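Which chain is which? They are A, B and C, in the order written, and residues in each are numbered from 1.
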C-alpha cells in the first residue's frame, strides 16, 4: 500500500518542463518530507498529483495503492484518497464551510445514501475543538476574509473530516506564527496512522520540529536529488540550500 | 488665402473646396464626407447616444466658413504658453499656421496636416479617419472630414523616443468662426511621443465653433500620450472626437481637461487591438455658470489580454450640467480583459446637475471588468478637519475641490505637464464666482 | 466533460429534480366558453368588456389605451430587436371558461385543479399562506383568503371584482402609479387586462403570512395580461408572492402584466416574484410602487424562465423618508435574454433607495441590467446605492449593464458599482480537489454568488430557487 511516483515529467502549457523525472514512494504509515529551494518544483509536484489542468504530464506514472490515477479527473483522485492541503487555498464566496465540507463528504457516499446530519455536526465540532476553532466558523464562507492562519487550520480541518489515504501538505507552515503552527501540527499528528501516508512539502526545518518525518527528500530543479533520514533536514538547515550545488554537480 | 474671402457662407450651406494641390484621394474623401454629412440625419431624442443631451446645441447654421485670421497675431503668439521648453510648438489661428518651432530629431515627421498631405500623402492616407464614429457624432465627424484644412501630423519611426512635449495651439478668432482642427499621431514599434493640443479663443465674447478630431495610432510596444486642454471662451461650442487604436504591448494615454466652452461634447474611443495593450482614459472637467459638458466614452477590447482604465472627474459649480456615458465593450474571445471605468461627480452647488451612464457589454467570460459612479458633495467632516487645522471654510472647500481633480492629473506622470494642466485648472478656479475653489 | 450527476446526487434528489424540470411543462385540452379570437382591434376590446361586463369608465379606459398602444412605437431604439418577432395579430387576447373564481378547491374544474395540484399550490396554501389566487389563462379559477383576514377588513380579490365591488378604493389609484402611456406594453395591458389581484390592507393591519398569486398559461398563442393593484393603508404591512409557469408551446406566448403598489404613510409592501415561464414566453412587465411618508416598497425579483424578460421594477418615493428597494436575481441560459433592472425616482427629502442585482449568464444566455436613478432639484438628503454583479459561466455567455443616474443639487449621495467576473479556475480546482465534481462545484459557486440575495426570499421560495439554479447549472459545464 503506497503512493508511488515514477519518473514523472510535467510541463506548463507553454512547454516549460518543471518536473524532470521525479521518483518517490510513500508507503502507508510513513511521513515523508520534501524540502528544496523556491522554484525547485515542490508545489508543482503536489498539483500534478492532484490533477491540476495547468500542467501536462509528458512521461511517468502515479499510482495509488496500485491504481493509476493520472487518467482520473481531479475529483475522482480526491475520492480515491488524495488530499492536498493548499499553500494558497481559494476563496469560495457565499458557500459556508459547513456546507462545503458536507458537499465533499456527500460526494463520497454511494448513490442513494444521505449524509447523517447529526453525526456530521458531531464529528465536525470534535475536530474543530481539536484545532481550537470557533463554532462561528461553520457559517463563514470558505476561506473568505480568513487570516493566513485560519486558512491553514481550515485545510487541516477538511483533511481531518475527509480522512484521505494520502495527505500532501504544501507549505502548510508558511504564514503561521508559533502558536498556530503547534495547533496545525497537532491536527496533522492526529492523522498519523499505519494506513495513511503523508507528504510534507516545506522550505524550512521549522515544521519538522513538530511533525517528525520518517524520510526526508531534497528536491532541486525538478528532481529528487537526495534522500535520507530526519537528520538530512537538519543538515540542510545548517548548510543552507547552497550545498545542493555540490549535489547537482555530483 | 482666407483673408481675401468675405465670410458670409454658413458652414452648413457651402460645399467645401479642397485645395487644388492636395492629393486626389483626399479631395475624394472630402467630397464623399460632405455627401455623407448631408445624408446623415441629425440626432434625435430617441438616439441613445444623445440621451440627456441638449440637442439645441447642435444647430450650427450660424457659424461661418473661412473667417479670416486677424492681422495682428502678436498677442496670440505671446499667450500661447504651454510647458517649459517644448520639443516642438505649432500655433494655428482659424486653422492657419502662424508660428512654428521645432527641436525634433530629423527622422520624426511632425508637420502641419496640410503640408503632410503634400509631402507624405501615403502615410497620412493609411491612418486618416479610418474608424467609424460610433458614439453619436457620425454626422459631425463627416462635417469635420469634409471641412478640415489643417492640424498636425506626427509620425514617430520605430524605436525613436521623442523627449519632451510637442505642443499645438488651436486659436479661434473672429465672430462666429468655425474650425476643424485635426491631430493625427502615429507611433512606430517601441517608440514614444507626447502631444498636447491647446484649444483657446482670441476674444472672450466672440461666439465660435470647434469640431476637432484626433486619431491616435499607437504601434507595437510604443507609448503615446495625448492631452487636450480645452479652454475656449464660454461662448464657444465644441465637439471633440477621439479615436485611439492601441497595438500589442503599446500604451496610450488620453487626457482631456475641460474648463472652457458654453457646451462641449467629447467622444473618446479606445480600441485595444493587441495582447498586452493598455489604454488610460482620463478627464477633468470643471464646469461653472451655465456650462454643459457631454462626455461619451467607449473602451473596446478587441484583443485578449488587454487593459483599459478610465477615470473621469467632474466638479460642478453654479448651474453646470454634465453627462457621462461610458461603455466597456468586450468582444467575443477577448479573454483576460481587465477593464475599469469610474466617473465621479463632486457637487459644489445645489443647482448643478449630473447624469451618469456607466455601461458594460461583455461577450467573453474570462474577464475582470468593473465600473463605478458616485455623486457627492464635500462632506462637513472634511471641511471640519481642515478648519481644525486653522484653514477658513472657503479656502478649505477650494483645497478639497482642487485635490479631487489633482488625483487624475497626477496620473499623467510628468511633472512639467502636470504643472501646465494645473495652471489651466487654477485659472478656471479663479474665474468661478466667489473664487470657487 | 465527464460529468455524471448520478455519482453525487442520490435517487431521491434526482427524482425531485426530474419532476421539477418538467414541473410546468404539461397542458390540458382547451375548453373556452369565451375566446376573443386572434388579433387586436376595437372589437376585441369590446368583446372583453362585454364578457367582463365592464362599467362604462373601464370601457373608455380600455379603448383609449388601445389607441395609445397602436400609436406608440416599439422601444427598439434601446431594447432588443427580438421584440419585433412578437406577432400581435396571431395572439389570442382573452380566453376563459366563463366561471367565477371559486372559494374552495373542491369547486374548481377538475383539470384546473389537477394543474395547480401538480404545481403544489393547494399544499403551499395550507402550509404557509394567508391567501391564494390562482389564475388560469385570462381569469382566476380560485381565490380564497383566511377568514380572520376578511374580518380585519383585508380585501383580496381579482381585478374584475375589485373594480366593480370596491370602486371607491380601487379607482382612485388604478392607472395612477403606471399611467396607460408609460410604455407600449403598459398601454397594451390597459386595453386588454384581465385577472390579477386587487388587495387592500386596512390601516395598521400587518399580515403575518404572505398572500400568493399563481399565474398559469394553458393555451397556445395566448396573451396573459393580468393587472394587479395593492394598496397598503397607513401602517399596514403585506408580503405578496407570485409564481408562474406555462407549457412549452411551438409558438411564442406573450405575458404582459401591470402591477401597481401603493404604500401609504408608514406602510410596507414586499413583492416577491419567482418567474419561471417556459423558454418561448415574452415576459414584458411593468411594475412600480408608490411610497408615501416613511413607507417602504421592496421588490424581490427572480427571473429564471422566459425567452425575453423586460422588467424594471420601480419605486417612486413620494413622501419624506420613504424607502425603495429592488433585489434582483437573473439567470439567462441559451436562448434567453433577461433584461431586468430598477427605477428609483426620488421625489421627497431624505428618501433612500437600494438596488442589488446579480445576474448569471450560462451557455449563450444574455443578461442585461438597466437602471435609472433620478434625484430632481431642490431636494435634500437623498441617497441611492446600486450594486450590480454579473457572473459569466461559458465563453459565449454575455452580459450588459446600462445604468443612468441623474442627480441635481449637492445634498445627495449616490453610489453605483458594477462588476463582471467568472468562476475562477483556481476556485473550481480547489473544490474538485475535495472530491466534488465539476458540475456540483459550479453549482456551489453560483449558489454562493447569489446566496446573500436568496436569503431575502421566503424560505419556501429560496429552496425552490436553489433547486432551479442547480438544474440550470447542470448542463453548463463541459
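We adopt the following convention: a contact is a pair of C-beta atoms (placed from the backbone, for glycine too) under 8 Å apart; a residue touches a chain by one contact, two chains touch by 3 or more.
Worth saying up front: this structure is predicted, and the values here are computed from it rather than measured.
Engineer: Line, ring, star, complete or other: which describes how these chains touch one another?
Structural biologist: Chain contacts: open path, no cycle.
Engineer: Relative to the centroid of every protein C-alpha atom displayed, which chain's own C-alpha centroid is closest?
Structural biologist: Answer for the innermost chain: C.
Engineer: Report the inter-centroid distance (CA atoms only) between subunit A and subunit C in whole Å.
Structural biologist: That pair's centroid distance is 49 Å.
Engineer: Between subunit A and subunit B, what's the gap in Å when you average each chain's C-alpha atoms?
Structural biologist: Chain centres of subunit A and subunit B, defined by C-alpha means, are spaced 56 Å apart.
Engineer: Just how far, in Å, is the C-alpha centre of subunit C from the one of subunit B?
Structural biologist: That pair's centroid distance is 45 Å.
Engineer: Mind pulling the subunit C residues that touch 2 or more other chains?
Structural biologist: Correct list: empty.
Engineer: Touching subunit A in the complex: which residues of subunit C?
Structural biologist: Interface residues on the subunit C side: 1-2, 6-8, 10-12, 424-427, 429-438, 440-441, 444-445, 447-452.
Engineer: Note which residues of subunit C are touching subunit B in the complex, please.
Structural biologist: 77-78, 377-378, 390, 392-422
Engineer: Would you pull the subunit B residues touching subunit C in the complex into a rising list?
Structural biologist: Result: residues 46-48, 51-52, 332-333, 335, 345, 347-377 of subunit B touch subunit C.
Engineer: So in the complex, the part of subunit A that touches subunit C is made up of which residues?
Structural biologist: 50-54, 73-75, 78-79, 83-84, 86, 89-95, 99-101, 103-104, 106-109, 111-114, 141, 158, 162
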